[in-house]
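In the part that follows, the structures are each spelled out as structure tokens.
Two complexes are shown next, each including chain A; its partner changes from chain B in the first to chain C in the second.
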Partner chain A sequence: MQGAGPLLSVKNLYVKYKSYWYTYHVLDDVSINVKLGEKVGLIGESGAGKTTLLKSILRVLPTQGKITGGEIFYKDVDLLRCSKQRLLEIRRKNVGMIFQDPLAALNPVFTVKDQMLEVLRYANERADMNKSDLINMALDLLRDTLIPDPERVLNSYPFQLSGGMRQRIVIAMALASARELLLADEPTTNIDVTIQAQILKLIGDLVEKKGLSMILVSHALGLVRKMTDRVYVMYGGNIAEEAPTSKLFNEPLHPYMQLLLKTAPKLVESPLTEGIKSIPIDYRNPPTGCVFHPRCPYGDQEVCRKVKPPPIEVEKGRFVRCHLYGSGS
Partner chain B sequence: MHEPHEAMLYDQVLLKVEHLKRYFNTPKGTVKAVDDVSFNVIKGETLALVGESGSGKTTTANVILGRYTATDGSVFYKDVEIGSMPLTKRPLWLRREIQVVFQDPATSLNPKKTVKDIIETAIRIHYPKLNKYERMERLLELLDYIGLTEDHLFKLPRELGGGEKQLVALARALATNPTHLILDEPTSSLDVSAQSRILSTLLKIQKDRGLTYILITHDLAVVKNISHRINVMYLGKIVETAPVDDIFGEPLHPYTQMLLSSIPTISEEESKMLPKGVESRGEIPSAIDPPSGCRFRTRCPFVMDVCSKEEPPLKEVVTRHFVACHLHNKNV
Partner chain C sequence: MKSRFNVLKSVYENTVFRRAVLSLLSLLGLSLIIFTLARIVPGDPARMALGPRAPEEIVQKYREMLHLNEPIYVQYYYWLTNLFQGKLGISLTSFREVSVDIAEFLPATLELMLFVAIIQIAGTLILGTLSGSKPGSILDGALRVFTYVGICVPAFVWGLILQFIFSYVVGVFPATERLSPGITVPRITGLVTVDALATGNFRAFVDALWHLILPSLALALGAMAQEARILRSAMVENINKDYVLTLLSHGIPGYRIYFKYALKPSVASTIPVIGLDIASLIANAFMVEVIFNWPGISKFGITAMLKKDLNGIVGVVLMAGLIYTVTNVIVDLILTIIDPRLRYGEK
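Here is the complex of A and B:
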């Protein structure tokens, strides 16, 4: 984490989805950066734009998604303007992504072996590579992810394996191309807590061992707290707050994050609250001013309705976009 | 636990499950999804069924609901045997009294029907004598009670937030005036911000109407907040049964300890509460050919010789705290 510029930096990114009739303003001025060896979390409810952000980084947005402004730099490569070839190389050799649904991420008509070898072949373009080398590499990766009996698993089809097993394979495949950065998009939703604990420990250990940087996307607060150094809180296509993990959970600043922590069902004795008023955001026509103001307990002020709050640095490394923390004026 | 436990009468059993078995025949062999499970549900309580997928909790609920019939054993609801009665054979009063809320409201609500249609259908079927004005009156009353407004009446499910959709599903279940509600993972598809709204509504309904809940979930924070007793299930068996505070305060079965220690926490305070030392490992084995003796032995850190030979019986170790484990089965 010491010195050096960021490994990945996203600056003022705007993403829109266009349908025949409407334009959806999904990401609105999003900036994040990831330093070498850093584990960054991305919290937010469904529809906050977390996955869109990750997909923009890899440039794998669906066709109706357009990046309309901002820049994404991976080290010194401008991902929005670099050649197709360069982009492919980065996807193949530097950045790996764990997709959300392991069953959808794996092709049902090919064996695990077919799918893993394809990834490995592209990740290791060397003339002297032959098939048995690749198979050995695949087996190593499966062993890394603590899969019992890797030979059998390698020759299985995805449907023959359990959910936890499939997730491990998806992780193994992501690791094949993640030499520097791992993007993990909700790696453990729909998985039992026990298996979730195992998978998280596994990801944590592997990231540590291989010295990777990571972006972990999740709406599960506990998970992000456990796994990351620094967190971005997303709401409605905006970064609402940025803070070191422990500080964020001890003393959240943005009203959205405060409410989230307050309303989450807890193990310790605490009364259940009414929750946050749930108003789905209409991305065709997002709220003016602060996107959170229709749901915010302090959102009835004029400034909230009219002016979009700029990021305010409250202390070093802690940013919040909220008028409550005025710029001292 | 959310209210004094003693308030409930332990002799008022609403639902009694006895030696329930449900097997499924597959080409590979017989899947013993639920294998000899017995428990009582007390009137007015929330009983949580907890366990990983494949532990048989949903199958148990489905037998109670009549979506499956029992392979063996019986389920008594108010002294009527319902375990062998498929849904189509059940009298209307029984269907009215046992209702269900499913996991994902996005799929359990018809996307082409408005909120009004969805709830009104349930009222029309179960109370055919009401005319449309009376139905509407009832519907509005229900919406208001659950915390939705008239504005929601003509909305389609996709126009609602996740939490509101689940409230509609809940209103539909309540439309028949049930006494017993089965909640199948009612919050796990929702965002954190919506979860507590559903949970507090559930508590309110139980307090006002004295409903009995069976809560199926793997989220132990949810269990902690709204239930009275917990059945921990593993591979078709109940391994531990106890009041909520006992499970969290002093979990006895190694599997329960494993479940608890796996919860990701959001504060230091919470982390301190959880047991340490039983790290999660392995996966739930196939229910076609479960391990001999104690079914948890393949993942248990305290496994002994006796575990593979004998199946531990479910024994009362402390008052109302039952556990099936050889570690706690010394004084036979």
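Here is the complex of A and C:
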């Protein structure tokens, strides 16, 4: 039955963060899908809601975060309504997530071994698993991520290891659960520039080798271009544009994407955060109409200020939310 | 020469040794302060010890015997030389060596402290973790109310309430004393539960436990509520950290995450407070000891203050200082065990 529906499909998702005083309306009608074997890129400047989207998929938002609308299907499982046990199973054995900050994703007061074995124990619930099996699995995963001297690393505390090493551990842990889908949230942002490309290549190779599907969030546009089949461009909690990777980079449609490419012309490993003057969106009170209109070169039309653009299918598989391309119907 | 200096330096830098020296020095300082203070507050200890009707010559003799007419530094010198022979001087209330009094009354309070510690630590960890892992839940709200009550209601009021309910109304727990009449336990450590176990007297052990429950609860409840709130705040912050969400994303069950992986990095702020709260019982247990007729050191200490029992006051305060010092060491030890960054030194 595989190949019938998408592996993952998120439809019309709304996510809010509630603090004592304010409500932040972050994700606003977000829909994405990932087909089996597909590598999907997710780009957009900081604060666009990329992490929120990935955490929503596995339902691991912080306590202030609430999913207030939409649906998330993993194969035929409704992740927002399925039993707790079903959700735990999928987290353990199907989907794995690499968190954005490798320094924050490892518990400072437990050894790497404590944390990896915990994860492996639940990812491999089998009666014949004993501790030395688990240790061997952990060592294998560490070797897979090209960690030298895995025995020493396994017995270390996170603070005794370099940022790059910690990121490899986080990748290794994610791979323990990601038997089908890997969610990689900016896997190179907080590590040394010199090894960023190396880490991304490592992820690419492992995904290839294990035949995984992937959502890759990254600022390294050049690498996203190389590693993905399709890309979603996020802005202000909205999907601004969706397109096959090569089409998007050759001929961006959304003014936001055009701006991004203009400010990062070489497309090698240019980070895109710095590019355009970035005015963070006030999610307590987001702009009316198109969220991008205050910054958009064509945004002074009345329709942009008043009407939220619907996704417009420009050609098959290419969607853009912009009034320049019609108003839908 | 140089190498010997280095050895000395490295010994000094050994924190255990340095702490021991510093503790000893601060205890000595404490003794000097309390020794002086006890003597400059108004009131005539000799007169108070012998009573208002004792003839003046006898009181005068008594003063001379206690060196009360000499300058304070001379008195302190006498006291210090005494101390090096292990003596704290004669109490003016019991007319025994103060160290004998302390040895008699301290174990009862120590036993109380031990049980308060057990209740307080277990209660704090459970309540703090449960309410911190689900902020806004019913339990969390209940803990908030309990904390406010805990801050307002002093331990002795808890004692009276518990005594009223569980001894007089329900009648499950005894109201006073450490053992029921007719049950005796030979004195080995002075901790009745321990001595009962050591002599294999299980009935006495249960009886002692039963007597300990109400006073321990009375002393534990208020502090426990506050400590649980401190733990709760740390938990509330840490359950949103990526290292907790990461484990969640791997399908690890909540109870394992909260009671292990979120709890351990959260307790650091709570442990010193628990330590201080427990150490402070050495004096703060007074009212509860009175209510439960508990033959503890707090009662002895307060009596010494009221009667201006010079040696008694200095002895008790010094012992309290020693207990605070030991508690601090234990707290630091636990913190070091919990946080590897303290053990290995970050970077």
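We take it that the second predicted complex is superposed on the first by the 308 of 329 C-alpha atoms of A that agree within 3 Å, B and C clash if a C-alpha of one lies under 4 Å from a C-alpha of the other, contacts with A are read in each partner's own complex, and residues count from 1 in each chain.
Just so it is clear, a contact is a pair of C-beta atoms (placed from the backbone, for glycine too) under 8 Å apart; a residue touches a chain by one contact, two chains touch by 3 or more.
Here the structure is a predicted model, which is why all the values come from computation and not from measurement.
Asker: Taking the superposition on A as described, I'd like to know which of chain B and chain C A:Asp29 touches: first, second, both or neither.
Answerer: A:Asp29 sits against neither chain B nor chain C.
Asker: Determine, under the contact definition given at the top, whether A:Glu71 touches first (chain B), second (chain C), both, or neither.
Answerer: So A:Glu71 meets neither chain B nor chain C here.
Asker: Name the contact category of A:Ser177: first (chain B only), second (chain C only), both, or neither.
Answerer: second
Asker: I'd like to know which partner A:Pro280 touches here: chain B for first, chain C for second, both or neither.
Answerer: Once the two structures are laid over each other on A, A:Pro280 reaches chain B alone.
Asker: With both complexes overlaid on chain A, does A:Gln115 touch chain B (first), chain C (second), both or neither?
Answerer: In the superposed model, A:Gln115 contacts chain C only, not chain B.
Asker: One more residue to check, A:Pro62. First (chain B), second (chain C), both or neither?
Answerer: In the superposition, A:Pro62 touches chain C alone.
Asker: After lining up the shared chain so the two structures overlap, which partner does A:Asp229 touch, if you call chain B first and chain C second: first, second, both or neither?
Answerer: neither
Asker: Looking at A:Leu221, would you say it contacts chain B, chain C, both, or neither? Reply first, second, both or neither.
Answerer: A:Leu221 sits against chain B, while chain C stays out of touch.
Asker: With the touch criterion stated at the top, can you tell me which chain A residues are shared between the chain B interface and the chain C interface?
Answerer: none
Asker: Give the list of chain A residues in touch with chain B in this complex.
Answerer: Counting only chain A, the residues touching chain B are 45-46, 162-165, 192-198, 200-201, 219-223, 225-226, 249-250, 259-261, 263-268, 272-276, 278-280.
Asker: Which positions of chain B touch chain A when the two form their complex?
Answerer: Residue positions touching the partner: 52-53, 159-164, 187, 191-200, 203, 218-222, 224-226, 248, 258-259, 261-267, 269-270, 273-274, 279-281, 283.
Asker: Hey, which residues of chain C end up touching chain A in the complex?
Answerer: The contact residues of chain C facing chain A are 135, 236, 239-253, 256, 261, 264-265, 338-341, 344, 346-347.
Asker: In the complex, go through chain A and note every residue touching chain C.
Answerer: 55, 58, 60, 62-64, 87-93, 96-97, 99-101, 104-111, 115, 118-119, 122-123, 157, 159-160, 170, 173, 176-177
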